[in-house]
Amino acid sequence: MSKDYKDNLPISASGFMDEFMRLKRGSVSRRHFLGITGLGLATAVMTRFPGALSTPAYAAEDLGTQMSIATWPNYHDPATFENFTAATGVAVEVNVFGSNEEMLAKLQAGASGWSLFVPTNYTISTYQKLGLIDELDMSKVPNFSSTTQNTRFTSEGQIDGKTFAVPKNWGTTGFAVNTDKLKTPLKSWKDFFEIAQTEADGRAMVHDYQLTTIGSALVSLGYGFNSIDAGELAKAEELLIKVKPHLYAINSDYQPSMRSTDAWMTMCWTNDGAQLNRDMPEIAYILGTDGGEIWTDFYAIPKDAPNKAAGYALLNYLMDPTNAVKEHIANGAPATDSRVIELLPKEITSNKIVYPDEASLTPLEFGAAVTLTDPARAELMARFKSA
Amino acid sequence: MATSPETKKRLVTAALLAPASLWLFVFLVLPFIAIVVFAFGERAPEGGYQPSFTLEQFANLGARAAAFKNTLLLAPVGAFLCLVVAYPVAYYLAVKASPRYRLVLVSLVVVPFWTSLLVRVYAWMYILGARGIPHLLEMIGIENVRLLNTPGAVLLGIVYGYLPLMIMPIYVSLEKLDRRLLEASADLGAKPLSTFFGITLPLSLPGVMTGVALVTILLLGEYLIPQLLGGGKVFFIGNALVDLFLQSRNWPFGSAIAVTLVVVVVFILLIAMRIAWRFAGTRQVDLV
Amino acid sequence: MRALITAVYLFLYAPIALVVLFSFNSGRSASEFVGFSTQWYAKALSNTFLMDALQNSLVIAFTSAVLAAVFGTMAALGMERLGGRMRAVFDGLFAAAIVVPGVVIGIATLVALVQVFGFLNPLLAAAWPGEQPPKLSLGFGSIIAAHGLFSMALVTMIVKARIASLGRDIVEASNDLYATPLTTFREIVLPQIMPSILAGFLLAFTFSFDDFIIAFFVAGSNTTLPIYVFASIRRGVTPEINAIATMVLVASLCMILIARFLMREKKTNN
């Protein structure tokens, strides 16, 4: 079928790209380009075979020459963006953030300049409520397959039956420990905060945002990860302020410090844990037996995105399982899409950091929308930092 | 219709001052009014600002007491350390250096300003990090030294960043010093030390005052150096401010802190001017 | 004494030397020297985002410095003609523009502009005859304006000090010789205050080019070089940043040398 379809095209795929790049360089007029490639016909064909050939599908629109994406530290294979640029002529600027709060603040202030960004599950309903994101036009993301998604991780992208965000990957928030430096075995968040004040004095890091830093402190005290109970939060604040003088840093980008061994222990996301452990086997990734976070990151497009066409193009590119699997291998964050899991090499699917046992996931909780917007937690975090 | 010379003169004056006045109004007075208004408002449920009239934000200032204390302690200490390092350099440049090399040496003090402060501070992150000095110390058997993300690292960054700003005014005031005075003092049998304390130091005081006040005031609003060399732990009021706008999205409380910071700066400036006038015995000290 | 001075210069230049050294690193990291290479210079020059940021920074620094030099000088001249209370008001405003911390200027400008735009944009949309009404937003204009505020105050202070030190007699002599005020200004006053204006311009340019905190708040979706570098520090610095910093350093050193050379030429000509 796809062979027939290619025969129908008036120009071959590689010829198409040549012409396309010439158009990008400005050496042919748009009309010439459309004439030669017969895009009118191609577009008609495309709509009949959605996702048949992903690259030219978005060449039909003017993608401009650049776009920017807001995402997390160490979260992508740099080659992904280079390949996307080579395929489309759109250069991608990667902006890295340390917290969802920071992304939200930037969007609330207006003019973020992003055409795609990576919010975490518990933030999407707030973005939708504040009118900062639009419903996704799924016809522009033909590579996304809703039937192969693991719904445990993906439901929060839908609001009232409309899709506002599609999943990037899921993961957990545990902690990473340099076992060369720290000999005491750690199992729980209770251990984490204890060791941070003793054996790891001056060498432990916590995230620079409230959800996991306060959440993990709550968990270590036996409370719920998402608690907004004033009494419980006061206890958590007491613990955090007691620990603070012993910390190495409050920073969500802990890989450089862990790699240089300035820091010996840190709150850590799955993907960073997998990357650190791959390069430095002495760094272990541990899920708290007393609880912690399980999360899904999504892709969404801001309402005021300056280059929506390129945003959709990159999103569709990233949803292509052959591209997603390369990202997965590079960054080590588990997939929500079974098409991607099928393509993974065995050493990744059997990696217990990336795909932990179900039993170790049981105590973990998803972050809640109310936790993000609760003013008491926001202020607690700010007080902790400025204490 | 003839205009009188007096009217014409006024029109010219007004025309000369019009662009600056407009600018000062739109980008200084108006923003200041805005944050004062915001400071009496409330945080919207999802963050940001919603109109209200409450003193809650100012009542809550105590929650940032630690950051204010940090700033009010580290800014003068930083300025003092700058002075300790800068004075001998300025003295050498103005009095001891041979005239042939003086200009080159003075230019070399200014050149670092032409490389991005951010990039230079990043270089310090490397020097103080585990791969830098601690690594060298390990080679001679001193293990597990931690330098980065400490108050010491922040002070070092401050001295590094603001040293040229301290050297220049002191150098300028020392350079104006009449060298014949020093010679006369020596001829009259004064020891070098008493010449220094009797003549050089008092005459350079205006420069010292300018430098100390300038650096202290700039430090009160510092953000980058504590952020990069303090690991988010050594907090200046500038960091608390940025945090309130970029993380907890509490614009009214942030505005209240900004207003308070301005008041503190003006207050310290007035005190500094008083002290400067008394020490220098003149009102000719330029602080700004 | 010598040893101390040498130590201070080492302290000032060691980090710069390190920046330059790592710009020639063949590895990806700005903290582990692997081998010599100039590849990062090529990469930096072909990185459109880095080049855009550099270009933005140059345009913003130049525009704000020019505006500051012109308006600041005008203000200094105007203030000379003012008396008493009005003069004190302007003195106070300019002093405030200099001493209010950058972080407060950035935040206050952001807060004010977001409100003003929120008020003006619907009006503009209603009044606009065409299909696509222009939408005011943060960007070049707001950075130039916020930088220009500080710079203009700086220029005014410097030029005012120079005017104060000028003898009034020369101006009066010129007037006595029936020169028009404009001629007196052009022939007598301007040449005398020109060095101060230039010094103010250079300071303004340097300030704007290196400012992070004000631009961080009012840049909207635009990127300046310091904003790009700050973002890179979080994303993991590659020697690209070192390469661009080295190029900026060399360019400014060249400018200083050229300026010195021109000044020497002028001296020998006289």
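By written order: A, B and C. Residues from 1 in each chain.
Everything below uses one rule, namely that a residue touches a chain if its C-beta (ideal position, glycine included) is under 8 Å from a C-beta of that chain, and two chains touch if they have at least 3 such contacts.
Keep in mind that what you see is a predicted model, and the values were worked out from it rather than measured.
**Q** Common contacts of chain A and chain B?
**A** C
**Q** Using the touch rule stated at the top, which two chains are linked by the largest number of C-beta contacts?
**A** Top of the contact-pair ranking: B-C.
**Q** Would you mind pulling out the distance in Å between where the CA atoms of chain A average out and where those of chain B do?
**A** Inter-chain centre distance comes to 39 Å.
**Q** Would you mind pulling out the distance in Å between where the CA atoms of chain A average out and where those of chain C do?
**A** Taking the mean C-alpha position of each chain, the two centres sit 37 Å apart.
**Q** Roughly how far is chain B from chain C, going centre to centre by Cα mean, in whole Å?
**A** It comes to 17 Å between the two C-alpha centres.
**Q** Mind pulling the chain A residues that touch 2 or more other chains?
**A** Residues 260.
**Q** Which chain B residues sit where two or more other chains touch them?
**A** 129, 131, 245
**Q** Which chain C residues reach two or more other chains?
**A** 31, 110
**Q** Report the residues of chain A in contact with chain C in the complex, numbered from low to high.
**A** 65-66, 68, 73-74, 91, 93-98, 109-113, 253, 256, 260, 306
**Q** State the interface residues of chain C toward chain A in the complex, per the touch definition above.
**A** Touching chain A: residues 31, 48-49, 110, 114, 117, 137-139, 220-223, 231, 234-236 of chain C.
**Q** Which residues of chain B touch chain C once you look at their complex with the stated criterion?
**A** Going through chain B, the ones touching chain C are 9, 12-17, 19-20, 23-24, 26-35, 38, 49, 85, 88-89, 92, 96, 103, 107-109, 111-120, 122-127, 129, 131, 160, 163-164, 217-218, 220-221, 223-224, 228, 238, 241-242, 245, 251, 254-255, 258, 261-262, 265-266, 269, 286, 288.
**Q** Please output the residues of chain C touching chain B within their complex, sorted ascending.
**A** Contact set of chain C toward chain B: 1, 4-5, 8-9, 11-16, 18-19, 30-32, 70-72, 74-75, 77-79, 81-82, 90, 93-105, 107-113, 115-116, 145-146, 148-149, 152, 156-157, 161, 206, 210, 212-213, 217, 225-226, 229-230, 233, 237, 241-242, 245, 248-249, 252-253, 256, 260.
**Q** So in the complex, the part of chain A that touches chain B is made up of which residues?
**A** Answer in residue numbers: 99, 101-102, 104-106, 108, 126, 129-130, 202-203, 208-210, 244, 247-251, 257, 260-262, 373, 375, 378-379, 381-383, 385-387.
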